[in-house]
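Before we start, here is the structure in question, set down as structure tokens.
By written order: A, B and C. Residues from 1 in each chain.
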Amino acid sequence: MKKIALSNIDLLYKEIAGAQELYLPVKVAGATNFKKFEDGVEVDIKSLQTVKSAKDLFFPQSEDMMEFKTSGKSIEVIDARKKAEPFVLFGVRGCDLKSFEVLDKVFLAEPVDTMYQAKREAVTVVTLACNNPETSCFCKVFGVDASNPKGDVQATIVSDEMHFEALTEKGEKLLSSLKCLEDCEGKGVEEEKAQIKEKIDALPFVNLDLTNFKGENLMELFNRPEWEELSKACLGCGTCTFVCPTCQCFDIRDFQTNAGVKRFRCWDSCMYSEFTKMAAENPRKNQMQRYRQRFMHKLCYFPSNNDGEYGCVGCGRCVKKCPQSLNIVKVIKKLGGNK
Amino acid sequence: MTNEALIPVVGVITDIRRDTPDVKTFRVVTPDGKKAFEHMPGQCAMLSIPGVGEAMFSITSSPTNTEFMEFSIKKCGCVTSWLHSCEVGQMVTIRGPYGNGFPVTKDFKGKNLLFIAGGIGLAPLRSVINYVRANRADYGTVDIVYGSRSMDDLVDFKEIQEEWKNEKDFNVYLTIDRPQEGWDGHVGFVPAYVKEVNIPTDRTAVLCGPPIMIKFTLQALLELGFEKTQVFTTLEFRMKCGIGKCGRCNVGDKYICKDGPVFRMDQLEELPSEY
Amino acid sequence: MQRLKTAMIEKATALLTSGEVSKVLGWKKGELGFDVEPAVFTSVDSLVDFTYDAFCGANLSKYLVEESKKEGKILVFLKPCDSYSFNQLIKEHRIKKENVYTVGIECQGKVDPYKLKENGIEFVTDASETVDTVTVNGKEFKKEEIILGKCLTCTKKLLSYDDVISFNEKREPSLDRFEMVKKLEAMTADERYAFWKDQLSNCIRCNACRNVCPACTCTKCVFDNDNSGIASKANSDSFEEKMFHIIRAFHVAGRCTDCGECSRVCPQHIPLHLLNRKFISDIDRLYGEYQAGEDTESKGPLTNYTTGDVDPSDVFGGK
């Protein structure tokens, strides 16, 4: 194992960033999100959670796919996909790491999404154990151990030091390349993990019961009358979708530039009224139906197609960010209950 | 396959035929005059005009046509309006094929077939009907019940009259919603006509048309003694990627673009009615 | 606060029982104490979940755009700030007034859950308040430390309703609402650009600000309309994110009541209300002080021409 004093941690960022691009939680105008490390940025490694998840490092909010040159009746298609350079993603929490597995099931399933795959292969993930899990966290319900998040390298803060353990070849390569780290025994790491586990067990949502969410009772869940009440206050915005680490719906759109047409893909939300709108009709006409789709997808449709794996990792971002305090916890409690 | 599939190839429109006041059939080949790709009946392709948009269309021509692909397209949204205004020689982009298509080599094989279509709903069926014609020995009797608002709204009228009607063991039943001068055929809605014709229940049925027509025709078939397991349909849904990733056409645990668009009626019953 | 809540439940029970209304629009208890959600109650029994406390920051008026068009009369509880939005929506013919029974309720500022979290409280087990303090889980906070930004500057008062529930406990604003606008005006153009660039670079285009905004009630927003030519779901470049917010601010100018919901709901805490306040401050300077939503009849300064109207360049220069 290796370690560094938190007071020197800037040295670590600089050394990593000297060799490849480094993305980590950075605070800009009061909000912390994964951003590129550059001189002068305010790294915010201590706050538990970024507003946006880390998914946009692999599946950016908008991404160019191709360009078209048109003249008269003719069209030329130009591939605009960018090559992915190796990069380090630092400070990923257990929930977000788990979300990569969920996203993999969509993007790496045949036919493989090469834009996503290239970035997934280019990354070295350094996770960070959650010293202070929050009330809104319920990752344990989805099988995540936030004290032991894994990844290529796993980092744990023990008092004023950060300890690192390489878990993959990639992780080994990264750690061994960093001169600012010193070797250590990992003293206190296990104790810290045990403490974190205790904290997690005491959180209010760790006993959510998922047993009612399975593929077989799809229609029963779909037809539950509670959806009406659960969705009543929904504004139809995309906040939950866009802060969610597992939401992966996208749109493909064209953008007219002076030089031609750019075709890009961008995040989309099943909460938006025009998500399923066709020229003649819209199969999901009201917000209740759209709201139900989002949660049914995560708790029922996705597991039905993926050997019982849920499309939620319990990060609690929707709990914290929904403008009107609607969230998946309320859905699970209403339709599933507590253990 | 990879999502290179999202990057289309260029196609050229080499022929535009007006079928009805709001339906045109477009013939598309690659710039070197070939078919863009092979497909099975009932599969779809994404056509796009850069800057206007991309949309999913059923491939109307039969896979047995080795020279080109055809798309019968009703003018109703951005992309379709643009296509309706373009001229021969216009390039478009094309990618595919998408979807499962009709089970022509499995469930349909050796069966007597009943095709029921309303309006533009004939477009996806034309592909399979002509496939059946090309592989005539593999299938039994074919009944076709086709209806439209008016005589002018019958798609492929010429092909129906000149070719389908003369095919061996093909029975074609045409109907229009209201009486019209120059029309001496049947008048009335498709569901009622299906019951009137009283087609034997040994057929495997394929339904395509507006949702309301599908609903009532299915009811009529059930009243005639058909089982839901004998009836297939093809769904329309808004799609973006075509490969089950963008999430748009997710209904229940299915993605219309890859698990569909062709479903058996009993399969649809297990899905939320959001299509 | 408890007596206010009790009086509200009594009112709702009475009106539901007499049949004068068939539904009640209010707030429902959450899971963590602070996460109350707007809700429609359709029976006296369902009022068991009804709450009104220091966490009911959400503005209910916009829900009436849909709810008032449904069958049956609906009772709505309006905080002072919500009342201005309500009036403005009536003025814009968005709400069917005859289907709404309005009850004005007193408010002394609502708690900002984020500020509470910064103070170490993530789970509210117990809360009470006075005009100037809130006590959460036994810990007392001064209101100015803990309430929503929109409440710090609130000068809104109870307007006219079918009924009012008030104990005449009004809280005075802690800050001048134009203070930050003045600071921004005092910046150089470059400084101001840098400020907004940083703020708006966090925007994720979730549309929460637009969807919560009582002034944004277009049936189809231009940004959602593929035929508008400017439909966009994501910022395809760094210029676009600014355009979305600036266009929105222009569109609600003169109609924005300064309810502050845009900033309350922004997941990235972008102070979007400042764009609107700049417009409000400019309108005040050009046409005299004007508060949108104070009444349901008068014409707004930007939708009403008088020969006495000043030329903006007379005030701001630039001729």
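In this section, a residue touches a chain if its C-beta (ideal position, glycine included) is under 8 Å from a C-beta of that chain, and two chains touch if they have at least 3 such contacts.
Everything numeric in this text was worked out from a predicted model, so none of it was measured.
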B-C compared against A-B, more contacting pairs: A-B
Central chain (by mean CA position): A
Between chain C and chain A, distance of the C-alpha-averaged centres to the nearest whole Å: 30
Chain B and chain C: spacing of chain centres that average the CA atoms, whole Å: 50
Approximate Å spacing (C-alpha centroids) for the pair chain A, chain B: 40
Touching two or more other chains - residues of chain B: 53, 78
Of all residues in chain A, the ones touching two or more other chains: 251, 253, 268
Chain B residues touching chain C - in the complex, by the definition given at the top: 53, 78
Complex contact set, residues of chain C against chain A: 30-32, 35-40, 58, 63, 122-123, 198-199, 201-202, 204-208, 210-212, 224, 232-236, 261, 264-265, 267-270
Residues on chain A engaged by chain B in the complex (per definition of touch): 65-66, 68, 70, 73-77, 79, 106-107, 109-115, 215, 218-219, 222, 248-254, 256, 260-261, 263, 265, 268, 270, 275-281, 283-284, 289, 293, 296-297, 300-301, 304-305
Contact footprint of chain B on chain C as seen in their complex: 226-227
Of chain B, residues touching chain A in the complex: 1-10, 50-54, 76-78, 80, 86-87, 89-93, 211, 236-238, 240-241, 243-253, 270, 272, 274-275
